[in-house]
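Shared between the two complexes below is chain A, which pairs with chain B and chain C, respectively.
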Partner chain A sequence: MKRNYRGLFFTPYVLWLAMFVIAPVALIIYYSFFNIHHHFTFANYQEFFSSGTYLTMTANSVLYAFLITLFAILISYPMALVISKLKHRDLWILLVILPTWINLLLKAYAFIGLLSHDGLVNDLFQFFGIPAQHMLFTDASFILVAAYIQIPFMILPIYNSLTDISDSYIRASRDLGATKWQTLTKVIIPMTMPGIKSGIQIVFIPSLSLFMLSRLIGGNKVITLGTAVEEHFLTTMNWGMGSTIGVVLIISMVIVMLLTNTKRKRRRTS
Partner chain B sequence: MKKFLAALIAILALCAGLAYGSDQLTKSTGDTGNKVLNLYNWGDYIDPSLLTKFQKETGYHVNVETFDSNEAMYTKIKQGGTSYDLTVPSEYMVEKMKADHMLIPLDKSRLVGMNHYGHSFLNKSFDPHNKYSIPYFWGTLGIIYNDQYVKPGSLEHWNQLWSKKYRNDIMMIDSARDILGFSLISMGQSVNTTNSAELIRAKDKLNRLSPNVKAVGADEIKMYMAEGEAPVAVDWSGEASEMMSQNSHLHYVVPTEGSNMWFDNLVIPKTAKHFKAIYAFLNFMNQPKNAAQNAEYIGYSTPNMSAFKLLPKATQDDKQFYPTQNLIDRLQVYSNLSPQKVQEYNDLYLEFKMHH
Partner chain C sequence: MNDKASRTGKIYITIVFLLLYIPIVYLILYSFSKGTTMTNFQGFSLKHYGELFNDKRMLAIFLNTILIALLSSVCSTIIGTMGALAVHNAKRRHERETLLSLNSILLVSPDVIIGASFLIFFTALKLPLGFWSVLLSHIAFEIPIVLLLVLPRLDEMSPSMTNAAMDLGASPAQTLSKIILPYIQPGIIAGFFMAITYSLDDFAVTFFVTGNGFTTLSVEIYSRARQGISLEINALAGIMFIFSLILVGVYYWIETRNTATTGKKSIVEVGDR
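Showing the complex of A and B:
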């Protein structure tokens, strides 16, 4: 009787997993082995790993995703640190989360208004006597906007792990003669490593395929794997190749997960 | 939590109520029986007042559903489960749908008013003798420039885009065939070439253009050009006419050495059911008065010559959108390519986009 009930509670979870996790991934993997004539083939993988275009695109995607993640950390960590020390920190963190309530596309268009040739930023520049700059469609503007969009997702886990640190650790470190800098680098940062790692996991993967931003802000001068997936599904109707790129993205996600997880385990066992 | 749930339920109930209400409203204006026509069209691609007029005249209610790319429309019709009576593919898609047996031939004996169409717009290679399709609108690929930055008349040929003057100045429509197409035309080749060596040369030539390319985009080009963000763009005439209505400094040129000419066409897909309504609608749209009204609303070029004569004088004389016969003869229409060639075009195009 009891066991039956447990099975019942378990079914929604299993069904969910089967329908929305396992089935789509299985379908992507299945499609990746077919060419445009629906014949079974390994050619898609062969093409991906032997074509200079796709390999440069992968390198580009990883490089941009790395830069976006890096900038997101550089901005988020100090911000989380400051917010966690503030009096009304719950309110401040709410303000950080607020932009995620706004649709991504709207935010992208808002940035077009800010960065365009006659936009607000250039108006400000001219006020200080700096000539108007072409800011849209540059690598810098793409990374800026992408980092801006990812920052809330980076701040939250870091902030949570910061607030989890008991004050006694910091006091202990001061009592033992550590400077403020030493407390930060030897105590606080190592203890918030899990937060930083989950931030990286949440930010890095979506950054690999930001095709909407690379078009609107990057003017398609930044080509990432997402651009290629979109093209294969919508223009050439080569679902096989599109799926192959999808599989590569899934595998890179697994790699990032493994890289950011193993160290934590090792520390626990030592 | 309770409050949150209550709010959530209230919103859902409100939406359901509104949806039901709007459903009732459309039902009462329309006909629930057989007097309907299911039109599968591009977004905002017919004057809504014509649909009301059509219903008043014939009693058929038109249900419009929209798509945003030929490929999306193709996939949806191919997958089945729909009952579209008419749809509006571009020329190469007519050819593809025809090859895949997805179209029903037109019954010419039931069509009235085909004599209104200009000779340049009928019997094209994608559909000989218009067995399956009636041209709906047509247009070209060309260059849009802003006369605040570019001297009028100084930019009239594809090759001029490569000039050092236009460094980081050009916006281009994100479409493999159009971009490789103008590069091919600038070298005197066909836009339908299947010769790989020619295609690679066209791509190499485009690579040399990349310092001049500011961005490659889609709909947003209209906004950027209207705001004066870029001085030059390569885009379709339909998009150009929309930009020009927002910014009077913009001008559209079709290079004299030739360009692409595109057609959107009314066709009957295999899923059609209401044939009486279909022919009533086709004949209704063939009427010069209605075609002219539609052309004025959409702003694209109409292939219906009798309708053309009803358009305002300024539109008729507009060489940007109704070029001379001499130029029309030099325009090339896309034909459907094999999937391998489509892939080749797109791969080369992707390489160009990645070139810095």
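Showing the complex of A and C:
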């Protein structure tokens, strides 16, 4: 049709793919085989997989990301379920989306005030007779704030898959004598699995690398893979080791994608 | 699902909505406090807004941020739209899917990976870190979202429209400018606005590639927040909140207009058949 023009559209886009998608990933893999003196070596990987610090750090950040994702699901699922039944559900879901348009750092900064020693949360604690706690710079506060930031991103895909369910399924399950609980666990939840899976994808992967949150809210106690990458690249300038951790992050990302992707593809073709 | 929400359900979502909005309200409320900390509200005052507007450094950073957002969005909208045309015109299904999965890499990668790999890339090219490296990075990570917003419009466009244009003697350039671009324009505008918000929101990638001299608002907020509370940031939050409200408003206005015009278009198409 417009053969001669195809090349014209193709070139800038493919150039972008080559320069900003393929080349950077290739470079990060390449750098992971160099030590701080620019000698080719496998030592970074050896160090990563033999040193206790890196392995506990990886385990910790997977655990943190898992907890963040878990809390996000537990809070978001009922939320999406109720909103999908409301009269003006489009408006309510807009209210869920609105906080995502506010800069993440401002939200994190708000929690520095909220969780501080004389902040609102401690005021509330004291009102109920609980002594003021030091909440800032703990793992718990990091998980709380990260879950707060991720909840809207979890609600949205679940909400979308809930609104996709046709009423007739729900009615059929009622007519066949299922209780409300059975309808929920045997019909609604299985049918919204694709939504839950894409929610996990959207929340889990970034949670591995929220270095700004772990710095601002977790103090220097919470060290995740993301924090380590940032530190190696911008502070200690050991780009080789930073790249190695980056490669580990990329691999864990691919694993999460593979684990959560299978169903969705099959569904799209049906 | 016709089922009415139960009373417990309504109480539950009220609580979650409160939790979602308390930090934002708290943040903005304290921008009006006379005091200097985010505890113990000390009476209404606009002095932090005054400080903010007199802060020359902040004003320069604000202008930088807007400049980067606008420039990068224009460039990424152009390249992203070209990409959508390239994907749309892909002859084989396999080619289309390869392009689409490569396209989504930057959308799903963690920010630190994008930032770190761009940092290596710019250093390898010997490009100095600063305005240009930040601009190029923003263009790079905005392209895939523009493509994803433009492509559905292209795919839903009936091929008979371009065929008709060709049959009536339009050159490929005319077909593109008179038929295709006007049809996909709503997608392009949506992509442009999404690109702006991606740019304004980004912290991690910018933080990696910004070097020493150049700063955007997100990076500035981070470095100030690391030093502790300053209610000037709260005032900035208030202004950015209004800014994002306007952006959300414009974006949804475009979206609803999009669906409205799509509805009209489909009626026209049915009539044609």
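Before moving on, here are some points about what is shown:
The definition used in the following text is that the second predicted complex is superposed on the first by the 246 of 270 C-alpha atoms of A that agree within 3 Å, B and C clash if a C-alpha of one lies under 4 Å from a C-alpha of the other, contacts with A are read in each partner's own complex, and residues count from 1 in each chain.
In this section, a residue touches a chain if its C-beta (ideal position, glycine included) is under 8 Å from a C-beta of that chain, and two chains touch if they have at least 3 such contacts.
The shown structure was predicted, so the numbers you read here are calculated from the model rather than taken from an experiment.
By the touch criterion defined above, A:74 lies against neither chain B nor chain C after alignment on the C-alpha atoms of chain A. In the superposition on chain A, no contact is made by A:91 with either chain B or chain C. Of the two partner chains, chain C is the only one that A:250 touches; chain B does not reach it. More residues of chain A are touched by C (comparison of chain B with chain C). Look at A:189: by the touch rule set out above, it reaches neither chain B nor chain C.
Of the two partner chains placed by superposition, only chain B is touched by A:56; chain C is not. In the superposition on chain A, A:234 makes contact with both chain B and chain C.
Of the two partner chains placed by superposition, only chain B is touched by A:220; chain C is not. When both complexes are overlaid on chain A, the residue A:20 reaches chain C alone and has no touch with chain B.
Touch criterion met: A:28 reaches chain C, while chain B stays clear of it. In the superposition on chain A, the residues of chain A contacting both chain B and chain C are 112, 116, 118, 215-216, 234.
Across the complex, chain A meets chain B through its residues 36-37, 53, 56-57, 60, 112, 116-118, 134, 136-137, 215-216, 218-221, 223, 227-228, 231, 234-238. Contacts from chain C toward chain A in the complex involve residues 1-5, 9-10, 12-13, 16-17, 19-24, 26-27, 30, 37-40, 78-80, 82-83, 85-86, 89, 99, 102-103, 105-106, 108-121, 124, 136, 140, 143, 147, 162, 166, 172-173, 175-176, 197, 200-201, 203-204, 207-208, 217-218, 221-222, 225-226, 228-229, 233, 236-237, 240-241, 244-245, 247-248, 252.
For chain B in complex with chain A, the residues that touch the partner chain are 69, 71-72, 75, 168, 171, 174, 176, 213-218, 220, 223-224, 227-229, 339-340, 342-343, 346-347, 350-351, 353-354, 356. Those residues of chain A lying in contact with chain C across their complex are 1-2, 4-6, 8-10, 12-14, 16-17, 19-25, 27-28, 31, 75, 78-79, 81-86, 92, 94-99, 101-114, 116, 118-120, 148, 151-152, 162-163, 165, 167, 170, 201, 205-206, 208-209, 211-212, 215-216, 226, 229-230, 233-234, 239, 242-243, 246, 249-250, 253, 257.
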